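Below, each structure is written out as structure tokens.
Look at the two complexes coming up: chain A is in both, with chain B in one and chain C in the other.
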Partner chain A sequence: MAGLIPHRGALVLFGAAALFPLVVRDAFFLDSVVLILLWGALSAAWNVAGGYAGQVSIGHASFFGIGAYSSALMVTRFERNPWLGLLLGIALSLIAGLVIGFLSNRLKGPYFALSTIAFSQVLLIAVSRWRGFTAGAEGIPVPFRPGFATLGLSHVAWVYVALVVAILYYLIQVYLERSRLGLQLAGVREDEDAAEAVGVASRRLKVLAVASSAGLTSVCGSLWAQYIGFVDPAYVFSVDLSVRFALNAIIGGVGTALGPYVGSLLITTVETYLRAQFSGIRTGFTGIYLILYGAVLIVVVRFFPEGLVGLASRWWLRRPGRARAAGAPGPA
Partner chain B sequence: MDPAARLGPAEVAAPSPPGPFIDTLAQLAVSTLLLGGIYALVAVGLTLIFGVMRVVNFAHGEYLMLGMYLAYWAFTALAVDPYLVLVVSLPVFFGIGLLSYVLVMKGVINASHNVQIFTTFGLSILLQNVALVAWSGDFRYVRPWELYVVMQGAGTTFNLSQVVAFLVSVALTVALFAFMKWTHTGRVMRATAQDRDAATLMGIDTDRVYRLTFAIGIAAVGAAGVLVAPLYAVYPTAGLQFVLLAYVVVVLGGLGDMVGAMVGSLIVAGVEVAGSYFLGAAWKEIFYFILFILVLIFRPAGLFGQRGAETLGA
Partner chain C sequence: MLTLERVTKRFGGITAVHDVSLEVRQGDLLGIIGPNGAGKTTLFNVISGYYRPEEGRVRFDGHDVTGEAPHLICRRGLTRTFQIVKPFGNLSVLDNVTVGALTRIAAVREARAEAEQVIERCGLAAHAATHAKALPIGLRKRLEVARALATHPRLLLLDEVMSGITPTELAGMIDLVRRLHADGLTLIVIEHIMAAMMRLAQRIVVLHHGERIAEGTPAEIASDRRVIDAYLGDEFSLAEA
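Then we have the complex of A and B:
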């Protein structure tokens, strides 16, 4: 596995994103690229806990919301730098992630998923109700102040900010695939008792995975708040959003570094296209793509549990004319 | 959406009449009982599916939402009283349950928890948005005459809709309980719940049991949807709050434990009613979620359950 060969998919994807703003100046398309990268990075963050450590959360919107509100409130209520809010968001999400990670040591499968949903609902209600501080259900408009320090950037600059985050998260995932830590996590995911028997500190690893996943999610939440310029609790803490993080990763390939980005590319593109096509006709019509998601999700988890990346890598290794010496394809 | 806007104007916890504290307590107790009865019907279907099939059905609330829409359209288009719709809803939702099982659930019954979670989530997204496309996101209300019949007794106030919903709900729950306890099919279902491998070895067709279980569970929640339609606003994501609440109940009562589910319903209803009264309706949902998280941390097998059940034999 020499050099960059295993990363050719990522090179193509991120390379295209890097070159895109040089060619296209249209705000609509640039916006799509930013969102593809951000949603991809968010799914990558989810993947750290859900894919690599096997702690499937459906409450990751909690951490997204914590990040979004930290940076929005830091700017509006404390008149401080949004980057400070981003750091605060990481700190708060790490604490929340430690709590959720602790839960993951007591609860398995559906019980863990339920506890994560309950956590995001508690935050949703608390933020909606605490009007004096969070402005409640109306949400907070985040003012646009030009400059990198205040994160008031052009669309082109946002493409590169999102790209840096996306690449960073990609590399974190690659590390989890290759490193000793990653192998230990895989051991915990596949068989916790067996992993413990060979001396893996499974409890600590799970907490670590969930907490770092929470921190990474929070960073994207902070950036998203500054990019979109508006946060409201019903969106940032919604179950839909939590499902979305998982969905991209599942369709692209759970536990693969490229999967979340492939999933995001596909889903964000289809969604943007369908929204643009149908939004004018009837409001309810936007539900069509969600019907499609639901159906795709059911079909993918049942028939292609390894996702698009898994399918592609299997096809790549089995293609005619290739020696089968490479060993078994890797996706978990 | 603002959580407070989710509920219609017909709040189940009626405002307390001015009077001595004992009257207030009586009102809270009656509200708890009425609300708990309805929650029980939502939860028993879920705990049945959870207990027998070991499947977490995240789409459970969507069937409730479909039941609400059935009541709404029968009332609006055909002027049929929601409580008459029940007669139709039970077979209809039994059929919908069968169909859902054959098309979706059957394929994942032996799959990992994660596959099951996302399959039922996919189903949930699908059904919600079918409702959104078909009937739009508007809040709709069912207002039968029963809702306006206010009843008073022993210093408490409630309306006829609540009482009917409560009585029907309790009757259905008890009927289901009796079915599980005293019929042969019920015994077969309980045997499958205890040990699916042993049940198979005893000659039980577990596929048939799962099909029946899912259909009965969906029929129960469909009926619950029809019953709550006059009490809450009807809209495509109306099921979400109920499914989360039903999970609180099911976890409190213990996995697959139907009596536990009834007790859990009363506890959740009590927490909600008392929370709304003493601290304001806006915060009421937060109480049972916090209760839920606390129970998950300290007694994950439920208040009366055996330790270790939360791992689901994993």
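Then we have the complex of A and C:
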């Protein structure tokens, strides 16, 4: 049991999510839980590249969109199983991830981030124009066919699907923190040249991190397309979405396993609340939540860059009578 | 062990290193001195694979490693430190050194144990859990050496590990380098602190404007007219060492 203690936050979060459908049957709340878990997983996927490898990308919507379109097109155009689309999405995203990874070795910091934005917008334009194949800017409605193979599931079932993915991505991050690969990646994040000098293949690891992150993001994109039932290119490739993935992780605690989920919990809840409150006033609403995100981001980066999770663990360690535990995992 | 054959490195119109050859045998402790801008660190960058020279070759253990990637050169057994220290700031001292140890040891637990030993050997045991960014410069320099040591190099390149530290720390660092050499490590040391250099080095190479202007024992270098003119100055006497 003692081995689970560092994961008590995750146990609480995922445990609550698992128990939720047993207690609450309202579709609105179940939908919120699914979204919190999915956005959490997406931010966790981003975290692999952005938090653990230090490659901050604002273009992860590229991979999300690839995943969403792969599964949507597989169902509508090729009339095959969406899971096949999911696999195809992973393959295509890995390739796209390799390209972005290659760019990360050529461009530093802000320039890399800009290039990732450009990449996602190029995809957006390409997909919107390619009407013959992707139905262009109109988007693709994804038909609901009941059954697991076709991912036509009830809200309750979706909660558990999202939960499985969220837990899986959480465990992947935990592995990254403890493993040889993860430690080397931390070195690359902190100082690439120094890491190279002590034997770490920095360039290769960065590409690996970005490509993996891309694949993980794509899976969620595919699932999301089946869940929501409509793929709109202006949304799935949007910069808004890319920022969202990064935002959750940064607010929750970049480079920590639980951070993305805590961030998602906060942001998704706030956004859902705002949407419910201001549902009539579209333009006003758009402004409000972006302003809010920006403000929160500035506060977090300025005052507690280690995020909510980092803040909580600092507070936890400071309680009277608590002995200092052996080194915190990952970045401070 | 290491041979440089007529290495030349240019940056556009500037020749940082010009036609430098040198040889290091196993067990040597070679010193490199020279005024700022003489090309010492550039030479280290060429040896360790960060720069590819325009001309010349670098051979390590007989293999031509000219321009090979730094991490591969490290795996061959040649590790360098940086003049301006580059710690992994947000990682603990132990984690910093463990990253180095992981180059030879696959299992994290074993690598950590190895790192603990290296930390002990370098006198950093009291700070093992401290985040590197919280360390003062003297300890950061030690960490730089410890992290490099954890990669089990056969040849270690130390770039000004003695600058900017207190006299007590300096004495400690000189002692550390001497111990490492006595334990069988081959070393090339760039230093400005002549007292330390004269005490430690068996042989010294002097660089000036990218060229090798002298090579010899500390005594020979201290009395070499060209070296005195270029770098040491008339006031320097061996009695100070």
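One rule holds in what follows: the second predicted complex is superposed on the first by the 317 of 332 C-alpha atoms of A that agree within 3 Å, B and C clash if a C-alpha of one lies under 4 Å from a C-alpha of the other, contacts with A are read in each partner's own complex, and residues count from 1 in each chain.
Definition applied: a contact is a pair of C-beta atoms (placed from the backbone, for glycine too) under 8 Å apart; a residue touches a chain by one contact, two chains touch by 3 or more.
Everything numeric in this text was worked out from a predicted model, so none of it was measured.
**Q** Going by the contact rule set out at the top, does A:193 touch chain B (first), chain C (second), both, or neither?
**A** A:193: touches chain C, not chain B.
**Q** Once the shared chain is lined up, is A:250 touching chain B (first), chain C (second), both, or neither of them?
**A** first
**Q** Per the contact definition in the header, classify A:178: touching chain B only (first), chain C only (second), both, or neither.
**A** Touch partner of A:178: chain C, not chain B.
**Q** Based on the superposed arrangement, let me know which partner A:122 touches: chain B (first), chain C (second), both, or neither?
**A** In the superposition, A:122 contacts chain B only.
**Q** Please output the residues of chain A touching chain C within their complex, sorted ascending.
**A** It is residues 178-180, 183-184, 186-187, 190-191, 193-202, 324, 326-327, 330-332 of chain A that touch chain C.
**Q** What part of chain C is in contact with chain A in the complex they form?
**A** It is residues 48, 50, 69-71, 74-75, 79-82, 86-92, 94-95, 98-100, 102-104, 106-108, 111, 129, 131, 147-148, 150-151 of chain C that touch chain A.
**Q** Along chain A, where are the residues that touch chain B in the complex?
**A** 54, 56, 58, 103, 106-111, 113-115, 117-119, 121-122, 124-126, 128-129, 137, 234, 239-240, 243, 246, 250, 283-285, 287-288, 290-291, 293-298, 301-302, 305
**Q** Note which residues of chain B are touching chain A in the complex, please.
**A** Where chain B meets chain A, its residues are 1-4, 56, 104, 107-108, 111, 113-119, 121-130, 132-137, 236, 240, 244, 247-248, 251, 282-283, 285-286, 289-290, 292-293, 296-297, 300, 310-312, 314.
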